[in-house]
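The following pair of complexes shares a single chain, chain A, combined with chain B in the former and chain C in the latter.
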Partner chain A sequence: MNVPWVPLAWLNLTHDRVRFALFASGIAFAVVLMSVQLGIMNAMLDSNTIVFQKLNADLVVVNPARPSILFRHTFQRSRLDQTIGVPGVVSAHAIYLEHELGRLRNTDPNPQTRGRTRRLRVIGVDPAAHAIDLPHLDPGSWEKLQTPNTALFDRKARPSLNPRSPGESVYGKLEPGMKTELSGHEMTLVGGFELGFDFGCDGTIVLSDRTFTTILREPYTLGDPMADIDYGVLRLQPGSDPNELKKQVQQVIGREGDVMVMTKAEAIDRERNFWWASTPIGFAFGAGVILGFVVGMVICYQILSSDVADHFAQYATLRAIGYPNRYLSSIVLQESVILALAGYLPGLLVAWGAYAYLTKISAMPLTLTLGRAALVLGLTLVMCVASGFLALNKVKKVDPADVF
Partner chain B sequence: MTPLGLAWSNLVHKRTRTAVAAAGVAFAVALIFMELGMFGGVERTATALFDGLRFDLILTSSEYGDVGRAGDIPKTRLAQARAADGVADVLPLHLGNGVWQKPAHKGWLGVSPPGNVGSIGMIGVPPDRVADVFAVDQGRVFHSRAEAERLGQALARQGAILFDRQSKPDFGSLEEMMAVPPGGEDVPGYPGFRNAIRLNDRRVDLVGGFNLGSGFSWNGMLMTSEETFADFTGMPRDRANFGLITLKPGAKATEVQAQLKRLLPPDVHVRTRQEIVDHEERYWMQLTSVGQFLGVAVALAIVVGAIFVYQMMAADIRGMLPEYATVKALGYRPLYLTGVVLWQSVLLAVFGYAPGLVASFALYYITRNFGGIPTEMTFERTVIVLLMTCGMCLASGTLAIRKVHAAEPADLF
Partner chain C sequence: MSQSPPPGLPVLRIRGVNHHFGEGETKSHVLFDNHLEVMPGELVIMSGPSGSGKTTLLTLIGGLRKLQDGQIEVWHPDVGDYIKLLGLPEEQLVEVRKLIGFIFQRHNLFDSLTALQNVRMAQRLKSKSSDPDAEALELLTYLLLGDRDLNGQTQKPRVLYKPAALSGGQRQRVAVARALINRPKLVLADEPTAALDANTGLAVVALLRSLARVRPDAELDALVRAGEETSDAPRLGEWQIPLLKKITQETGTTSLIVTHDARIMNLADRIVNMERGRIQSNVVVAERLFVREGLRQSPVFAAILPEEQQKIADQMLVGVHPDQTVREMQPGRVEVFEPGSVIVRQGEAVDEHSKFYLIRRGTVEVLREQEGHTEKLDAMGPGRYFGEVALLMNQPRNATVRAVDRVEVYTVDRETFDRFRDVSRPFIDRILVNFQR
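Then we have the complex of A and B:
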């Protein structure tokens, strides 16, 4: 049949504006529910991968037995030195880490009012290597770190709950020039950065590799205190393919099975997966996403099936005119896509506001990346179109005879 | 006919429509129950360990944050506390974690290979005092004193461990793991894999089980002797994380607490059971992101649930407009119609609530056994959600009544 194309799905839905707004808001709430739950889940998992995210690396070398950053499996520095020979590898630097032995004395100079000495994450790197990009680092800090027994501190360490010291971290006031002790050794704070706390630790300080190994390795290890490293950070020639070079580096140093080479993205994923599997965070908030999906699907089904019911006579007329069932089906499916988009846009906007609010109250960053926004869009479309298919059953019952 | 009678007949007559609306309400109810359950799981996480321990007062480090960050104290503090009046005994407890090699698992989909690792919690106790450290009774950590003593003896051997039966299933099932021979075994279908019980990459000897339950702090738990604990975690042997104080009969907890506070240096805190449980709950509910975020999730579930119920009710009532118009045309007063709609709301609330509650029991079971979150249905929660459902339905019914009053008898034709 040759008739001008009419955007029937659109007209059907928007004919009653108030109702359309109500429909869209129903879908929008499902979108908000899914995005917020997804955002929380990602924030909690992301916070545990922050060190990896900030590594200035193309490839990361690690002991394959080390399941997560919190464990202590190291590997030999000589393995890292071997990688320099691989064409395409520009630099290789060592990262030293300690979660157990590093204890920072509270910075309060008065022993009477001073809080307790507490554990924290200690990172040791060569200050000249820029192996890690510390966010919002005070300028000139890396140069100052060359002096022995100096440290960079985390301005976003866990905030203290003590009402007498508002705005301070659990380690006391942290400012450049303050003197304190790390595991019994005097230490001067020379610069600040912003990293944040996570499941495993309340804060981080960064030392030069020399200072680190003198304080935290020498007393506990025989032989060269710098020999065993926690992570290796490789930078590649610009334009080279990290996946290809990963294989080559793995071939050169990985034959003994004592080291594993990963791209930076793989290292982040591995850490995320460990926390996903070891805590119920993934389940708790993943369940929220699924519930949001199901609720949205039922809402959408309800809208579409009542739309078919309301326009039964009109649909019957179309059938009587000679439009095939396929045409009616396509209208319902178009409606489901329109509903998905009409709910998605305001829903995402609200979710974006909710992310900003939650980031403010929880000090844990909820970020809406393009990929995550796209994931929610995908979920919304699947949710609406699936319920559209369910509603098709109703359309099939439309009988041309119903006109009369 | 009374308004209730008509409401009932309305719902019974249009069975499919009623079923859809009730299913909608049920979904909202399940959503709210689920989020409340997980929020409650945070609270249970906070108290699960302390509920399983026997103590009147507890010594912790002054650094104590929560059970996951307990801080440690010198064991000499325990000895000092033992000297105080009214104290019957003080027992050390160690808490830490290790890397657990998840064993091969025989599931619905065949055998899954071993090899994945997870972080597992570890409790270290004096093996000869296991029966005094933990609650022993039916349904508690150990079923009986005799069982606790027998397993304690087995724990005394270096490298022996007990496994929490309520650990998340992918950490392994006790029965399957007990059947693994000490030297390990091959896994059918996965050549090159060796199934063995490993902690921190070392063989351990699994000698039995206990019941504690997992939570947000840990997904699985092991029990060892103090010696094995020190060996695997590197904790110095002269330190402990907790001192469990039991009092002599007749001694008053608060008096002994005051005395201990005077006696002991400020590196330890003395808390009553109630104080530590309150501290732990406050910490988890208000200070950890898990508690805060699940609180947000509960609020969100309620809002979405309410909107959802409104959509269902509005659609249901819209569908019945011709019937209402007829009733009006027959001469019934608006008040009568209001009664009908409100009764209908309450009936739908109940019809939706019942399957929603049943579904929630299933969801809780899954969450508990597969998600590792200790969810439990409480009577208060069932009542609160029932009232909330009725409230949501009545509110949306009230909103929808306007449409009914706008129904013109003439619309019939």
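Then we have the complex of A and C:
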């Protein structure tokens, strides 16, 4: 009969429950620190890629010179039209974007509630194409958008900090049926949606492609104002392989190097990588995560090394009675994993609360996805196990001769 | 696989062991040229003042320190050969440690584990056991940590208590159980009874002695009766005896105990005394009694003080139980003669090299040649002596003594003999008168 297992690592840690709770809270602190930093970083990256996330597309066509949505590098619409000939491509639609010229002036007659004229992102799409899935769009809005000089507005535009206009965005009070002014042209708001703001813009307004080109391209463009487009969205036959069709489309239209075809996921990643690598977001919040990691490592190392010190005589006894050094090492590493899990669960719970609170006060979409929770778990485990490996140096000093 | 070394061979052999701590200017020698052999099943008490090197020697035997100089050989029952500790890599030292049961003065139990779990930590080093929990419970119960007290009355078992809830003595008994649960063939103990009361101390010593070799029922019963005779004498409970017999079905355990506890000194088979890093004396108690009794029979030594007898005896001892043969001649202490060889020859003149003999093992015959024929005067066995008359009278040997079989004799040299002869002069003179008459 096998001798029953003695869960020494667990019992050593939990023997004094108050002490264990303190240990776990130390690790939990690091978990919260890392989670919040990751949450804010991801919220920023999420908000900056929201347009791509909401594209109703399997493939996205873009000018390869365009590093991000904010930059204006267009390509010819005719290139997009060429894709229709590729077997498996069901539809191809243009997306027009403007970040510089779009200025919304609130024409509310009440000067108290009238917002300042501000720049915003303007998206032009064919209302019949449903090229973009606008979240929480008022019913019938796409149909209403067919009427010239109508617009859909973003109810989740950057909130106003003015205490006299609670709940309003920085653009002032906006609601369906209201008339406003976009870049000097009167617009009627026919519906609202909830997209959100980001680093590049405070809000978004969606126009039909006709209205868009009339207001924001014709005055500035020679020739066909609809000829140059910002993005092309392709929908594929159900069940087809986007990666395979991407190659085929690229072969058809990409030979001259003026366009690049990506899957939707690649487009989101490309935009995300731009913000992560080319702006301080990655560094600032990545450093925050590293700081949390290091703080956690220090805390965990202190816990483990003090635990080894507290049990020095007992560990020496184990070595004296015939346990090899690797057994003691395994105890310390088991303790590090237990600490990681014991700190992770309450830490994640606190982080979840912190996400909700930060989302409420900042309107940034801090979301705790399963993948992000798993990432924090992975970081916590690596953090604690790395501390465990550092604490092994203490274990190596255990001398079995000390027992006498 | 051989559980014990071949007959006559030790379970532990220490040869020329030196040890130092520190290096350079801080180098400090703590052990100097130590030799010791311990036979299977012996209970060895190591005594000596603090700092004499007992504990260092114990840690070297147990493979807890790297041996620097000399050799220590420990019998490995599974391998059937000795393991030499000098230069042994750490992984193999770990295996040596598994052969040994360690009892530490500072019991070093895990606070987070119950008494049973602390014992289980040692059990897990052994791959399998028929019923590990039952074995541990039996041992802990024998050590009065189970559901019965000394008188057999029901008590609250302590086996599921953590060390913080146990007294110092109870913790020490858990440590004893941890050391003995795997029935090691070698036990190294540092003051194992220091924290124990008389009864539990006796229980531990009785356990070590019974693990060493089978004890007669009368001896075990005496441990129970001791308390009936005098109320303050330590004793075992009657119910402990069957449990002790069950626990100690497998014998042959050798114990080396560092202790200053006078209560267990008289139970030792061998007493090793260390001073200033050297083994000053290595006494097999039975051998010492044998030699003293032999000397006491001789009129030359009978009249001197017991302490003086003890001194002579200690000069003659070789550290081997009289039941066992010595493996090599030790001039000045023991000489070995093959069958038929002459130990003293009639007519041989005595000189400064002549000796007094005490038979250790074997049989001799005493022969006298008279008028051309040889007469056998006597045959003598262990405990008998010869050779004193010629030394006393300073005359040639008056008879021949010849080994009948392999004979081992203790010897006392002429110088020692003459020294005590002067002390015992009046008594000896009376004997000589009788002898000459």
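To be clear about the criterion, the second predicted complex is superposed on the first by the 385 of 404 C-alpha atoms of A that agree within 3 Å, B and C clash if a C-alpha of one lies under 4 Å from a C-alpha of the other, contacts with A are read in each partner's own complex, and residues count from 1 in each chain.
By our rule, a residue touches a chain if its C-beta (ideal position, glycine included) is under 8 Å from a C-beta of that chain, and two chains touch if they have at least 3 such contacts.
A quick note: this is a predicted structure, and the numbers were derived from the prediction, not measured.
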Chain B and chain C placed together on chain A: clash or fit? fit
| message | Touch test for A:Gly184: chain B only (first), chain C only (second), both, or neither? | response | neither
In the superposed arrangement, which partner chain does A:Pro135 touch: chain B (first), chain C (second), both, or neither? neither
### Message
Looking at A:Ala313, would you say it contacts chain B, chain C, both, or neither? Reply first, second, both or neither.
### Response
second
Task: Figure out whether A:Val294 sits in contact with chain B (first) or chain C (second), or with both, or with neither.
output: first
TODO: Determine, under the contact definition given at the top, whether A:Ala401 touches first (chain B), second (chain C), both, or neither.
DONE: second
- Could you say whether A:Val6 touches chain B, chain C, both of them, or neither, answering first, second, both or neither? second
Winner on chain A touched-residue count between chain B and chain C: chain B
- request: Determine, under the contact definition given at the top, whether A:Met364 touches first (chain B), second (chain C), both, or neither.
  value: first
Go through the superposed model and pick first if A:Gly85 touches only chain B, second if only chain C, both, or neither. neither
For chain B relative to chain C post-fit, closest CA-CA distance rounded to the angstrom comes to 10
Both partners, chain B and chain C, contact chain A at residues none
Interface with chain A, chain B side, in the complex: residues 20, 23-24, 27-28, 30-31, 34-35, 38, 41, 62-63, 69, 71, 99, 116-119, 168, 170, 201, 214-216, 219, 234, 267, 287, 289-290, 292-294, 296-297, 300-301, 303-304, 307-308, 311-312, 314-315, 318-319, 367, 370-373
So, in the complex, the side of chain A touching chain B is made of residues 22, 25-26, 29-30, 32-33, 36-37, 40, 43-44, 65, 67-68, 70-71, 100, 116-118, 161, 202, 274, 277-281, 283-285, 287-288, 291-292, 294-295, 298-299, 302-303, 305-306, 309, 358, 361-362, 364
Residue set of chain A touching chain C in the complex reads 1-6, 8, 11-12, 14-15, 311, 313-314, 316-325, 399-401, 403-404
The chain C residues in contact with chain A across the complex are 55, 58-59, 62, 64-65, 90-91, 94-95, 97-98, 100-102, 104-106, 108-113, 117, 120-133, 162, 178-179, 190
